[in-house]
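We call the chains A, B, C, D and E, going by the order they appear; numbering starts again at 1 in every chain.
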Amino acid sequence: MSIRLTNISKTFGKTTALYPLDLDIAEGELVGLLGPSGSGKTTLLRIIAGLEQADRGAQAGRIHAGRIHFGARDVTNVHVRDRRIGFVFQHYALFRHMSVFDNVAFGLTALPRRDRPSSGEIRTRVHRLLEMVQLETFANRYPAQLSGGQQQRVSLARALALKPDVLLLDEPFGALDAKVRQELRRWLRHLHDELGFTSVFVTHDQEEALELSDRVVVMSNGRIEQIDEPDTLYRAPANRFVFEFLGDVNRLEGEVRNGILTCGDARLAVDLPNGHQELLMRPHELRLTINPSETTHLPAIVTAIAPVGAEIRVELEADWLPSPWLATLRHADFERLDIRRGQRLYIELRRWHRFDKDPASHAGFALAS
Amino acid sequence: ADRELLNSSYDIARELFATINPEFIDWWQEQQDESVDVKQSHGGSSKQARAILQGLKADVVTFNQVTDVDVLAEAGLVAEDWQQQFPNNASPYYSTTAFLVREGNPNGIESWDDLIEDDVEIVFPNPKTSGNGRYTYLAAWGYADRELDGDEEKIREFMKQFLNNVKVFDTGGRGATTTFVERNIGDVLISFESEVNNIRKEYGEDDYDVVVPPVSILAEFPVAVVEQYAERNDNLDLAKGYLDYLYTEEAQRLLAGFNYRVNDETVQQEFADQFPKTELLRVEDVFGGWNEVMDQHFAGGGILDQLQRR
Amino acid sequence: MSSTTLFARAASKRVLPGFGLSLGVVLLYVSLILLLPMTSLIGELSQLSLAEYWAIISEERVVASYTITILAAAIAAIVNAVFGLLMAWVLVRYDFPGKRLLDALMDLPFALPTAVAGITLATMYSSSGFMGRLLAPLGIEVAYTWVGIALAMAFTSIPFVVRTVQPVLEDLPVEIDEAALTLGASDGLAFRRVILPLLWPALVTGTGLAFVRSLGEFGAVIFIAGNMPYETEITSLMIFVKLQEYDYAGASAIASVVLAVSLLLLLALNLWQGHFVKRLHGGKS
Amino acid sequence: MQRIGDKPTTRRWLIGTGVALSLLFLLLPLVAIFAQAFAEGIGLFWENLSDEYTLAAIGLTLFIAVLTIPINLVFGVFLAWLVTRFEFPGRRLLQTLIDIPFAVSPVVAGLVYLLLYGRTGWIGGWLDGHDIQLMFAWPGIVLVTLFVTCPFVARELIPLMQAQGAREEEAAVTLGASGFTIFRRVTLPNIKWALLYGVILTNARAVGEFGAVSVVSGSIRGETNTLPLHVELLYQDYNTVGAFTAAALLALIALFTLAAKAGLEWRAARREEFR
Amino acid sequence: MSIRLTNISKTFGKTTALYPLDLDIAEGELVGLLGPSGSGKTTLLRIIAGLEQADRGAQAGRIHAGRIHFGARDVTNVHVRDRRIGFVFQHYALFRHMSVFDNVAFGLTALPRRDRPSSGEIRTRVHRLLEMVQLETFANRYPAQLSGGQQQRVSLARALALKPDVLLLDEPFGALDAKVRQELRRWLRHLHDELGFTSVFVTHDQEEALELSDRVVVMSNGRIEQIDEPDTLYRAPANRFVFEFLGDVNRLEGEVRNGILTCGDARLAVDLPNGHQELLMRPHELRLTINPSETTHLPAIVTAIAPVGAEIRVELEADWLPSPWLATLRHADFERLDIRRGQRLYIELRRWHRFDKDPASHAGFALAS
């Protein structure tokens, strides 16, 4: 079931949670809503669910009220109860007094008598769902007797029991341990692919959004900043906000004169017009060398070293740097340079990014690596 | 004041002693040239006796039940022959039970047998918790005993009917009055004659009539010095003086003013039209004494309980 | 005393200060104010033989008073359960003008002396009182019937249910409602199957407390009860009667029955709730 | 936001029923008290109020409250500190014990004190021998009032202190603070509203207790007659207006209590929001 | 101040939180206690602090009671108050009713009068501390008016006010956002280096432990599994638990016969004795190729692709694999292979690890990369 939002906005009293926005989600897509706290992700998701009412035209001071379509069906004024959505809450919101089985069966048993399956059929369906979330053996436990990850899976099974057209998840893994979070993430991706419903989930974790979504909706301050596939998002951020939000950033500010950017005793050949410029780089876009090159003179001192997984993180400081830079190296490079704390090195830039005030401009420069 | 006397009394005697005490204080001042003060403690008469047993240091008691003083005598707080220490069985004033009916006496109630009619609703306090109620019960029994020549079977039948007509059993006299007067329940309220008259005065002479039945019971209001405590408080003389004062003409007049019957002849004559002549039965004569009454009638499972069983 | 040394050892290395002092103060106070007086009750009872004890507490009129007291208290508790649940719901879930005042009003029965409540209710509901006159044409008699007893009991124990259910209802996250709604449940069904079971422990506890309180109530009830033997006499009155008769042992015997029932009920409530809470908040299967 | 029972009709019905029932069962009795007190005009009301013995009863009642509250306050704080900050055998039992006053009917509470400290009781006998009078004097009233009000402060504090946990106090210990400093500067500010609330409840009960006090008071006018006893006495004495005047006074104290409590809750709620 | 624990154990009723253990921490070291939930980290930290009492000999059924030394001083029976430690609690445990200033000043004002600095001096010292944690301008705020990260910094300043010999932190960043967590982590490292006290912190986040600590103490089930520098820990895990706990793991089980490990249609030349063997690999120790090599035949299908930062995560499935494998690739490799979902590839192993039942054995094999 595709989802189409047109001209949706939302104010709470005096705060505007969402400025008028449009959003199209294709059938079968898995879309992530990503943004910092307070950017309106939850509000948007809840409006889709029908748990929150979008502003009517009059309230928003506009003529045309926003509309929500599920496929061809206009659900703007349909009650949550009848929208055929499944909703997964951040803290699971399981019914604590019901067993796992009863939780999952709830939606089925709440159907009006004429639509309600026989109790035998309910049992079969619930067991199939529990099997799907790999919790067959937990049917008689109570939520309090389950780990967070298991609870979240029950919550998912419960939401899927009524075969919703649309599955909505609000920070589904937010309350879980890093390890469990990753597992569950992969598992959700598979489930989605297998069952083929349309899903929207909220997260404030970039990694999660990028790893899980077909497309990511980046939000900030009640507006959509960019909608794109993870790869595009990372490579071609629409604006500085998106770029900064999606990972660690190193910043270099200086005056450009005749193709040379200067900042303290740092110098860098750039192909930019004269004037004040700011360049941004990701940690893996830095390269460390023993000697300065012809075009680049960025001396720095190693202040911290931390091996993390396949990479080594190196923190760099210098007089010309207002705040330290972070570089990530492969073990091989690290060992070749024999880096120690306190050592003086030179930084080279594989690539840098530049954003004008104009929100849509992203200029990049890449060195052959 | 040089000395303080504590008088423990029943709960509806507040106004009475509020009037008598200042007179006594003057009297004592005149006689002994000593200024004293009298404190009052009021409560249900049994409750007051219990408090004294447990250490309420009253010098004198002015109760509405002989049994309650007997209890103190048994415990040795009061002299065993307390009824001999003051005139009239140590009862400076007495009363009887009488009826308060609504204006014009619509049910034509004149005596006890009018109370066992089916359509009469009676209000009086619970004999279990109230001395007042006990006197009413005993008066009815005494009347029946006389009319039915002591045929216990028939007396019980009479009493059963009588109790059956009771609409509300309050715990005390005041509660019964409230029920009858303010909540407008029942056709007749039975209480001490003194009470009944007070109520009529308080709530309107036009709205109620007092009926004193031709036969009723003698309700004595016993007084005694709590010797043990009075001695400890160095108040023996004062306590005795206080009770003696109650027998003076002056005090008897005050008592009669509160509708109590008194023995002082002068005063009796002054108030003659206020107290109709009635035959007053004595508990000792009809029942053989208070101990017998308590054991046979009011103890748990006694005659009263049997009569009330449905 | 061996228990002292046990405490002493357990306390020897506590991080937060004040264990010894607190324990001392509390034990002293509890012994003097709570336990010591209770021993006198036992002392009184020990003067009775078992047969005498049984005779007193099983006397017909006393037994009738148990029935009346328990029935009236049960009715009062149930009425309070419904009313308390309604009020807790209204006060937690809705906003309306005067809500704050209404909320404050809920505590009135605790703040008002019971005797005052008693004479007031009796005055209001007697046949000449304001409410009495209103109800009389409908054939409803309140004062001097068991209805009056239940009414007075209900009045004095109103806060128990409201005040135990209210915080639990407040703590129920919105998501519980929303989860039920997204699963298609109607309001009634969601309330019955989701909200009510979660309020159940608080509701039962509050109702239980109201019941226990009603069993022992005297001041408020006595004025409106009518006190007709076998019909509207409550057990507290029986104790009162025994006291009037200087029968301390008898009074203690009847009091001990009420006390035992109350304490057992409180204990049962505690245990049951512990069990329930364990299921909701973890513990092994 | 979608919540159960949000439909306007449901809402209106439930609020309407709730408000109506509350007014009928709670507000109306209150109105009745004042109506009775002023039934014969304000003059009589004043006269009754300024009666020597009424004033004495007010004085005694306040005196009892003033004595009882601090004692139970201290006890409640110690008890709450003990059961929420330490593990020790018998902890649960102790918590159940303090509920005894809830389960004991007030008349029985008075009775047990009377049996113990009365002249025939085993302590009372000894005291009597030494001319010490507890029962039928203000100390007895204080004792039973202590008994019936002892759970209130602790009952307010225990759930709160349990919920707050000992973290802040532990932090204070690591910063070298002594026991008294910890209590005064860390614990007390965190529990002060609950403490006040407990005090208010204690006060309400201490002022209004009838059954237990009635048993041990002796009802000596001007000496051991508290306000609730005075209400009864006046009532027994056919002084209905006087009785309801004293009752109205007690109702006023009750109303003040409710107002103070509501005020505190409101403040607490505001602080909560502010956080 | 160095810390030395000898023979420390702890039981709570019937559960054993810590089995007898020894631990030496050098002066000025920053040590992380890492382990899964319930492994006894907090208990150990609280015993060091004196907030919890270690078992006495008799209780633990042993003859010698455990001892704790700070430097040469035996603090076993010293009360927390006098141990001269600073403790930072997981949820900050700030005094909610005190301003930031008062919180930090608390320890100073709680000193006995004779040791207490003048109020002027207290003011100066608190302001210096607030400057250090970069919160000068927040002195008059209340904790509730601060973000989580700011609260945590106040908590730190408060703990440092009395110049403790030892700083102890229980999951100091556990309740913070990923982004804030990283910043604060770096900042703590600097502070530690600058002030030179001895610090012990608890975490269940591997990345945090590895990035922040001089040495990491890995715990599980009340025992210390390994104590080592992050690098060593990662490269030479003492046992399988440590290896698995420190990162994603791919597992290959099969029968070895004559130097060839077989598992379904997968084959791999290994230098191992005949019999059942299990090999473990980290995601970055996998290499993907278009064709199988002579020595390795590990065919697999790409089931998911997620670009995360400098790396691309690729999920692989195959008939011979009971659970999917995870490989991380550099963008360059990824583009060279032109990987798409559903594609069939071959896996090569750069390196693998093997653990015997014997807890201390770690055998590895590495291909020149």
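Just so it is clear, a residue touches a chain if its C-beta (ideal position, glycine included) is under 8 Å from a C-beta of that chain, and two chains touch if they have at least 3 such contacts.
Keep in mind the model is a prediction, meaning the values are calculated, not measured.
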Shared chain contacts [chain B and chain E, defined touch]: C, D
Where chain B and chain C overlap in contact partners, by chain label: D
Graph distance between chain A and chain B, where chains that touch are linked: 2
Chain pair with the higher count of C-beta pairs in contact (A-D, D-E): D-E
Centroid comparison with chain A (C-alpha atoms), farthest chain: B
Intercentroid distance (Cα basis), chain D paired with chain B, Å: 38
Length of the line joining the C-alpha centres of chain A and chain E, rounded to whole Å: 25
Between chain A and chain C, centroid-to-centroid distance (C-alpha), Å: 53
Chain C, residues touching no fewer than two other chains: 15, 123, 178, 180-181, 190, 240, 243
Per-residue multi-chain contacts in chain B, two or more chains: 53, 178, 182
Chain D residues counted as touching two or more neighbouring chains: 1-2, 121, 170, 173, 178, 235
Every chain pair in contact, whichever chains are involved: A-C, A-D, A-E, B-C, B-D, C-D, C-E, D-E
Residues of chain C defined as touching chain A within the complex: 173, 175-176, 178-186, 189-190, 193-194, 197-198, 200, 279-285
Chain D residues touching chain B - in the complex, by the definition given at the top: 114, 118-121, 124, 128, 133, 135-136, 218-224, 233, 235-238, 240
Parts of chain C lying in touch with chain B, wherever the complex brings them together: 56, 59-62, 122-123, 126-129, 132, 143-144, 222-223, 226-230, 237, 240-241, 243-246, 250
Chain B - residues contacting chain C, complex: 44, 46-47, 49-50, 53, 71, 126, 128-129, 166-171, 175, 178-179, 182-185, 294, 298-301, 305, 308-310
Chain A residues within the chain E interface of the complex: 37, 177-178, 182, 186, 189-190, 204-205, 207, 210-212, 230-231, 234, 247-248, 282-284, 303-304, 306-311, 313, 315, 324, 328, 332, 369
